[in-house]
Every structure is written in structure tokens, then in C-alpha cells.
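Below you'll find a set of structures to go through.
In the two assemblies presented below, chain A is common to both, partnered first by chain B and then by chain C.
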Partner chain A sequence: MFKQIVTVLALVLAGNFAMADLTIEINKGKDDPVPIAIVPFGWQPGVAVAEDVASIIEMDLHRSGQFAPLSRGDMLGRPRNASEVYYRDWKSLGVDYVVVGSLTQDGPNALTANYELLDVNTQRVILTGTESVSVDKPRYLAHTVSDKIYEKLTNIRGAFRTQLLYVSAVREGGNRTRFRLLKSDIDGANESVLFDSREPIMAPTWAPDGKTIAYVSFETSRPAIYTQNLLTGVRKQLTSFRGLNSSPVFSPDGTQMAMVLSKDGSPDIYVMDLASGSLQQVTNHFAIDTEPAWMPDGKSLIFTSDRGGKPQIYKVQLGSGAVDRMTFIGDYNARARVLPDGLGLVLVHRNSGNFHIAVQDLKRNRVEILTTTNLDESPSVAPNASMLLYATQYDGKGVLAAVSIDGGVKYRLPSRFGDVREPAWSPFLQ
Partner chain B sequence: MQFTKPLFLLLSAACLSAQLWAQAPVVDMNSPRAGAESNRSMQGEIYQQLQQLRQEMMTLRGIVEEQEHQISQLKQQGLDRYIDLDRRLGSLTTGAAGAVVGSSSTVANAAVDAGSDAGITGEAAVAAVTGADVVNPPAVSAVPAVASNGNESSDYTDAYALVRSGNYDQAITSFLAYVERYPSGRYTPNAWYWLGELYVAVKPQNLKASTDAFQYLLSKYPDHDKVPAAMYKLGTVYFLNGNKQKSQELLTHVIDRYGSTGNSAVNKSREFLRKNF
Partner chain C sequence: MKYQAKNMFLGVAFFSVLLAGCASTDTDSSGQEGADTVSTYTESADANASAYDAQDMMNLETVFHFEFDQATLTAKARKALDAQIVRLKKTTGPVRLEGHADERGTREYNIALGERRANAVADYMAINGIPRYRIESVSYGEERPVAFGQSESTYSQNRRVELK
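== the complex of A and B ==
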């Protein structure tokens, strides 16, 4: 009976994945991932859940690169709670931790997971938890459990419940291209189209509360910045100045938006107060100033400028307008994003002719190159700073890829069709 | 790369067209439109020059920024070097005087202190953690004379250099001299830690001395950074000694106590338990 359920689930799961635009392919992992066993969760008789929760947890932990989940075929038993666990069995399989749990449905609306995390070496339960979601969100339930386990074992807040924005371009007949702004869970599931256009869509970005997004759309045949509420779907055109309207980024408190406008000649950085719509010009230079990003305190911005002859990252204080150059290594540094702690920058760095993603430590001014492919662009950092997403080329197509902040873990999220680019990792979502 | 490959193209295209424009001034002065032509060619030339000046200025700005950065780096390096030199000179003058006064009396006092301190603060920890009642510093009496340059930190560095170069016997001698000379020195806990390690690394092993060194470190400095690592090592020494139960208890304690700190001793303990139990 149980096996049948699992088989049916596997089919359902496979079906789901075929539908998803992104599939995950891990190409480099950590050298010594922690061995862990996620035992398939027990079921309350009569409950049918549309997803294999344990398998989603397994994939989450695997994708983090820090864990090596034990394959189900190797498991010697299927305990559902700690009292059914024979530590000796798991020790002989070489796993350090075991996760057991069961699912119950309380009433028509609540799906509940009770789970325990066991340390095989000390033979103790080190985490016990209960999580409830509405019945239609088993994946979310699984990601919640993944977050708790990840945090317990690494001391880093888990980011498995976050989401991802990206743009896909699909060539259609007659020299036409269809652009889509897409949103999916961070594992590529639950993909949905937020906006669909015959004209380019660029630079999607999240508001800090995760409820609103902004992007550039050429739908009126010239670039304009739009915001879109994810709950209501309401779109609002924010700017439509002559020339460039690009690179929108919400301030850390969500009340302002930095952007690039070229209405007065050369591209410069502006900040718009979102409530009043009033604009403040932040930089004024005949060179190109673009790609702003906020420092976490919201008092200064970093941006790319070629005012020194080559594109480099500068910082501007919003109060005084004082500008300082931040990057001195490499002849090209652009599209920087600030790490959540403000201590480092993630940027596109050119090294011997190739564009790589690099991280620059702002205290020691050291640059570490994280990626080995070329033409890597648009880095976007996870809210827990453990990984970052970027766009790259693979098999002649634009694909998204992820790399851990220490460069140790890499995986690709190839799209099934079209080119995808400009990933934006969401903040932590409630 | 939204930094604007298109923009750069546009800009360079603009420059290019300006040049083409400027290269055109072959003018027939007899034609009636010659005046206008020469006017236009002059405009083109000015435009081209403006572009060149901009480019030149941006390049110069880049050089200024880079030199400014290099100067501030050089300043900092100069300051660092001066501070280092000053520190070394200072230790040279005071160290020579200190070495004469130092030795016997202070060592004796400190040894007493060490014993009583451990009695008050460390006993419970030792009992709980190691199950041992050794709280006096292990005997360091038979220490051959080791040349000291009178500076605590460089004595430690010298001893540590012996560890790194693999001279374990000499390293033991140096660390023993160190803990005798600086019983409450800044690196004394580290020295005890290395003694514990070294007694296992030398041939023949001296597991008793290693155990004593680790236990002393744990009892005297229960909050020191080296404690998790020392507990792990002590656990492995117990194992070597055949005391499997104590070993397992201590390693489990490391995992329980420091599991949430990400200390590398935790993973090592786990690994050791996995392999040996």
C-alpha cells in the first residue's frame, strides 16, 4: 500500500517537474557534505497529499551543497518517529543525522507535519517541530521543515521558502520574440507568469516586504519603470521620462526607489520618493552612471560609472553627495550588489577578458572570483547570504546558475526553452 | 551586464561619426557654400576635440583615483611598519631588564596562584567534563635551559615554529620553558594545548603527560578558545589509552556543548565517534 502511494507520488512529482520551466542540476558540491537521511514521512490513514514532503526536503538540503542525503533504497527501515529509530542501523550506513516525521490532516484546511531531527552519533533528538499549512501547500510545508533543519545544523537562517524572479525570451516565428517575467519558488517549482510582452522586459527587483516588484518594460516602445503588486496584480507606471529609465531598486525601508534616468543628457542616478513621486538627482556627471544598489543602512548607494575611463563601482552618500571609488582590482567591475551584512560586494568582474562573478571583501579589499564560466552576469544574493544566483551561457542558451558565497557549491537551473536571464532572489517571505 | 554594452556602442558610434565628420573638410573655396562648409567643419572639429577632452579627462580621473588609493595604502603600510618597529625596539629594551629580575620568585608565586585559582573556579568544570581531579599544573621541574629572548610573544612564536618544522621534542622543551617562565602569560593556555598535542606526536608517546596538559588547560582556562579543541583531543587521548567510555563521554559532551557554535572540534568529534565506536 505504502509503496503504491510512493510510486503515485513519484509520478505526480515527475509530472510537476516536467511542467516547471527550471530544472536543477548540481555540478559541483562541497568536498565533505554532511551525510543525512530524510526518511519518507508517515501518513495518517486516508490522507492523500499531492507531494512527497520528505523528498522535497531531501532536494532542498542537497541543493544547499552542504548535505549529502542518503538514497531511499539504502535505508534499512522507515521509522516515523524517534522511538522507532535504531541508531545502530543508521550508524552502519554512515549518516550523521536522521529526519523522521509524519503528516496529518486536521480538518479540511490544515496539513500538519510533526518531525524530529536525530543526531546519530550522540543518539539524541536535537530538534522537534510541528508545522501546519493549508492543504494545498505541501511544498511550502516541506520548505519550512528544510529551513528549520538547515538552521539547526548550520546556524544560518534557511532560505528555502524564498522565491525567484527572472525574465525569459522565447523566439517565435516571424522574427518575433516573446518576453515573460516569471516568478517561481527558489527550487524552480510553482512557476507563474507575472507579465507577458512582445517588447523587452528588464531588471526585475523585489520590494523588501516581498509583496511588490518593479521592473523595466518597453511595452510603450520605450523603457519605463513599472511596479506590480503580487497579491492584487495591480501594475503602476512609475516613470516614463525621455531616454533611459532603468535599474530600479527599492530602498531597504521600501519607501524610496533608486533608478537610472537620462532625461537631462547622460545617464545619472536618481532617487524617487514612492509616496510623493518626487525625484532627487543623486549623481551628475557626463559619464555613464548606472546600476545603483542600496547599502543596508539606506544612507548611501553604490553604482557603476565609467567616469574614471573604465567601469568601476563608486559609492555616493545621499546626504552630502560625496562620491568614493570602491573597486581598484580589475579593469572592469560592474552591476554590484551589497551583501546583507554590508561587508562585501558581489559584482561582475572582468579577468583576462572573461566576465566572472566575484565577491569583494570591503574590509580587506580582497576580490575572490566565484565562477569559472565566462559571460556571467546579473548576480543576485540570497537573503541569508549563503548563495547567489547569476545568469550565464550554457549550450548556447541563457541559463541561471547558483554558487555559494565561498565558491564551493555550484548548480545550474537550465530552462527547458528560451533564454532566461536577470534572476532576482526574493527577501525572506512571511 | 546591463552596464550597457548598447550604451557603450552608442557612445563609441557617436565618437566615430564625429571623426568621420571631422575628416571631411576638403573644401572648394570657390563654391558659394564654402563659408557654411568651413563653419560646419569647424563645429565638427570642436565637437571632436570636446569628445577627446572628455575621454582624456576620464582617463586622468581614473589615474588620479588609482594613485590616491595607492597613496593611502602606502601611508597605512608606512604606519604599520613604524608601529611594528616601535614595538620590537620597545620589547628589546624592556625585555633585557625583565629577564634579569624575572625567573624564580615570580614563577613560584604564579604556580601557587595557578593551583588555588583552579581549585576555586575550575574544579567543577573538570569534574563534570573530564572526571579527573587533577588541578595542579603538571610538573615542569626538569626543564633544560632554553634560550629566551625575554619576550613572551616571540618566545611563543619560536616554540610554535618548532612545531611547524616538526621538531616535536625540542618544541616540548620550549613550551615547558614557556609555561614555567610565563605561568599566566597571554599564550600560556595555547602552550598547554600544544604540550598536550606534542606528547602524543612524539615517539614514544607520553599519554599521561598529554592527559595532564589537556586537563590542566580545561580546569584552569574553562572559557578559553582552545577548550573545545582540547576536549576533542583529550577524548582521543583517552581512546588511545584504552579508556573508551571516557572518550565517548567527552566527545559527546563536545558535540552537545559546542554543537551550535560551528566549532571545528564538533565535526572532528563526530567523525571520531563515527569511525571508532
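== the complex of A and C ==
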């Protein structure tokens, strides 16, 4: 196990909310990460790019935990294409793969990266690529190259071009707290404020197309579910029933939303058809039923209920209403999310009084605890199922953290301001 | 039991925070802002009764605490509620009950737990003669703590229903 700390200085944009809130610290990596060198990209004379593209690729691959990038200071040369590479040099440095590339600007609107991925052991170019973006998106260009390299070397689709939603709470004077709903790139850069309130904001979640989000806001002094279009900024209040209006989650096809309402007494799971607004009551029990999540086929929901005395995860078939209990290990299992393949759950699991993130294999019903901190909550799985984000506490502050689905890689994204929580990893956006 | 005199309200409020969980006094009051509560209350109170009630409210508990993962009223909370019910029966305004939980457990489960607590208070009020239509329960779960940190005394202050 190695311990390294990488600080990513988030891109500071012009504007009111350029807080650059999240910094990334890698505190545990894979035991045998693949050594790779990302050589600084060559630049066309006269082109000024606002970002160090190779450095962003390097941090992406490092953050995945599966790669150990070579420090630039140890590089013996700075080749810009395969013909300039001396394989012997890289072999002597113990590097398995080398990435070289160069940037060109074609007119005002196209920044292009030409890059090659080389296998040092076979001395062959194994990937050649060209990617173009608008000039103001050099980070996106870098994440695109990261995705291609990651996919080539791991056979897993890269998720470096995804984003996250989260909530920050900053205590101001007296009893006042400022709540913000934020969105950033998955590495913490390009942060923007989507909604700002003196009243709590909860449960942000993505529509499957990545263009709309939903969340709960208390801005009317009561909880209500809102949707917000990320392109137009248009907000719409979906519910304002008496009692709880909580836990919105879009169905896999985006046409329905599961939610928790207590308008008829105790909290129950409902499904709203988003086109018509009509509601279907899915559970009807005097216990607390909450935290719904969709199974990938959209035909059943899992949810948390204390109908057995303690919170456990249950599954309900939308067609028949049949309910089955899914968790049996431990006296507190809650806020489950389904892995994209439907074969496992990530959930909040209490063990010896501490709240951890755990993964439950649904075939063998084995539970593996992934985190060692306390008060861990709100797990959110990457669309490629490689990692999950969750909220925990560090130094008395709410922070976001990530862990790989096998527990081998961990990193923290502490906030410089206030408490942050409830991360929601976006779907694939491209 | 030497802190029982009503004119020592503020002292009681302060000490009861320190003593939470390790001592029981009959006059346990939380350190909520008495002045704010009074002004909020008198806006909706009967004009005739307001002066008297404002004075009365100063001495009445407006925060009711709960045990961990429980939504049943403690004997202490019931006693404090009985006094509030006597006062509320002289008025006609709306009663807002805000339920809260400590930070342990998931946020959504805690917001349900906070509602269960607010409803326990609402039920007790209704059974004892406050009309249902006057009462509204809103749960904030763990989103609006009054105490910060990870100790049992912090947690016990946050597990509460506030009468507004």
C-alpha cells in the first residue's frame, strides 16, 4: 500500500461562484498500480492553452487508483510523438506504458489533441487518437483522452467526463446556515452553484439523460420536490404534499420518478408519471418506508423500511406489489443503490455502532464493508461501476470521499468551505 | 434540585445543556431563543390573551427531547407538553411542530424519524384537546442541528421537537 497526496487545483472560472471548493487527496491506492508516463504535450507555436492537459490526464489516471504515473522530474526526455520515443529509456525507468501527444489550434473554435499510447514492453503503439473540443474546454479534452487510455488499458469504459452534484452547508452568523446545491466535474473542477437557499436542500439526483436534476428544497418552509433543467435553469415544483416530500429518483428510462410521501400518514413509496403527474402508491405500511432506488429494468424498486423493527432493504415489484426483504446481515442497512449490472447493492451498513459503506453481492448475499471511517452515508455509484462516492466526516467537517468497488482505492475530496454531503455521480454525459 | 425557581430560567437553560444526559432536573429547559419564540407566538395569539401568554411562554418548555431512535414521549416531555396544552387551549392560532433527529443514520431515514417525533407530539396534543386543524408537523431530519460535534450530549440536544 502506498500513500500519496495529490492536490488538484480546481479551475477557477470568472464569476461569482468560483470557490474551487474541492481538493482531492488520494489516501489509499491499489497495491500494484500500472506504471505509466504521461509526457507533457507539445504545443503548436503561438497556441496558449489555459490548462496543462497532460497533467490533468495524469491526475485522472492516478485518481482511478489503477495507475502510478511517473513524475515529470524523472523523465529522461519529452517526446511529442512515437517517432521521438526511445523505448530503452522508459524501460530503464520501469514504465509499462507511455502517452505522448501534441496540441494544435485550428481556428478559434477547435483545440485538437493528437496522442499515442505506447507499450514499452512490446515497443509498439497500441492506440492513436485525435480529439477536438472548443478552445475554452481544455479540461474536457484532457478527460476525453483519459477515457480513451483508461478504456484501452482496462477494458472498462472511462468515466472521467462525468460530473457530480452535492450539497454544501456553510454556517454563518447566529443560527443561520447557507445551503447550496453544487455541480462540478468529477475531479472537483468547474464548480457551479445551481441553487442557493437559507433553508435545507437535500437528495440531489440526476435524470438518466444528465440534462435534468431533481432535489428537495425547504424554501417554502416545508419540504417539496423540484426538478431543474441544467441547460435552461428552469425550475419546476413537482410536489408539495402535506408531510414528507423526499428521496426523488428518476426511473431508468426517465419517464417516472419514485419518491417518498407521508400525505396519508406514514412515509410510503410512490411513483409519479412525469408527463401526466399522476401518482401510484407502491408501498402501504405504518412503518417508515423510504430511500427508493430503481432496479435497472425499471420493474421493481428497492427501499429502506423499519417494518421489521430495524431499517433493512426490501424490494417491491411494481406490477404485483410483492415485497421481499433483501438484507439480513447487521441491524441497520439503509439508503441502498443498485450497481449498474443489477447484481449488487451499495448501502449504509452499521457495524459495532459505526456507519460504513458496504457492498452486497446479490447472487451470494455476501456483504463486504468498504470503508473504515464512521458516519459514512449517501453512496453513489459511477456509471462504469468502478468507484462510488459517499459522504463522511473528516476533521469535524462533512467531506466527500470515493472508494473503488473492490475497496482497493480510496480518495477524499475535502471541501475548503463548510460541510459537503450527498454526492450524486452523474450518468455518462457524452 | 436547587435550580427550580422560575426566575432562574436562563441559568436553568444553560445548566441543563451541560447536564443533559447525566442529571435530571424537573425544570429542564433547552437554550432556545425565548424572545424569538414569544414574538412569533404573540403574532398569532388572541389579542386579549397575548400579554399574559407571552409571560407564560417565557416559563414554558418549547423543545421536547427524545431518546435515540425513539419517537415516544418521555415523562419529562409529557409534563412540559401538558403545560403548553393548557396555554394553547386559551388561543386559536396555528401550532407548528418541527421534528429533528441526530446525525447518526441516513438523512432520509432521519427525516422520517423527525416526522414520527413531530407526529407523536401532535397526537398527544390532539388527544388532549387541541384541534388537529391547528397543528402542522414539519420534519427537518438532521438538517437543522442546534448542537455540533459527535458526543452523546450533542446528539441528545438535536433529537427534539420544537414548538413554534
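We take it that the second predicted complex is superposed on the first by the 411 of 430 C-alpha atoms of A that agree within 3 Å, B and C clash if a C-alpha of one lies under 4 Å from a C-alpha of the other, contacts with A are read in each partner's own complex, and residues count from 1 in each chain.
Throughout what follows, a residue touches a chain if its C-beta (ideal position, glycine included) is under 8 Å from a C-beta of that chain, and two chains touch if they have at least 3 such contacts.
Remember, predicted model here, so these are calculated numbers, not experimental data.
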{"item": "First, second, both or neither for A:Phe355, with chain B first and chain C second", "value": "both"}
{"item": "Which superposed partner A:Arg72 touches (first chain B, second chain C, both, neither)", "value": "neither"}
{"item": "Contacts of A:Lys211 with chain B and chain C, given as first, second, both or neither", "value": "neither"}
{"item": "Chain B versus chain C as contact partner of A:Pro311, first or second or both or neither", "value": "both"}
{"item": "First, second, both or neither for A:Ser247, with chain B first and chain C second", "value": "both"}
{"item": "Touched partner set for A:Asp119, first chain B, second chain C, both or neither", "value": "first"}
{"item": "Contacts of A:Phe286 with chain B and chain C, given as first, second, both or neither", "value": "first"}
{"item": "First, second, both or neither for A:Pro223, with chain B first and chain C second", "value": "second"}
{"item": "Touching partner for A:Gly396 - first (chain B), second (chain C), both, neither", "value": "second"}
{"item": "Footprint overlap on chain A, where chain B in one structure and chain C in the other make contact", "value": "202-203, 246-247, 267, 288, 290-291, 304, 306, 311, 334-335, 348, 355, 377-378"}
{"item": "Chain B residues touching chain A - in the complex, by the definition given at the top", "value": "1-4, 7-8, 11, 54-55, 58-59, 61-62, 65-66, 69, 252, 255-256, 259-262, 269-270, 273-274"}
{"item": "Complex contacts: residues of chain A adjacent to chain B", "value": "91, 94, 96, 119, 121-122, 124, 126, 154-155, 202-203, 246-247, 267, 286-288, 290-291, 304, 306-312, 325, 328, 334-335, 348, 355, 377-378"}
{"item": "Touching residues on chain C, where the partner in the complex is chain A", "value": "103-109, 111-113, 115-116, 136-141, 143-144, 146, 149-150"}
{"item": "For the chain A and chain C complex, residues of the former touching the latter", "value": "169, 175, 177, 200, 202-203, 218, 221-223, 242-244, 246-247, 260, 262, 267, 288, 290-291, 304, 306, 311, 332, 334-335, 348, 355, 375, 377-378, 393, 396, 421-422"}
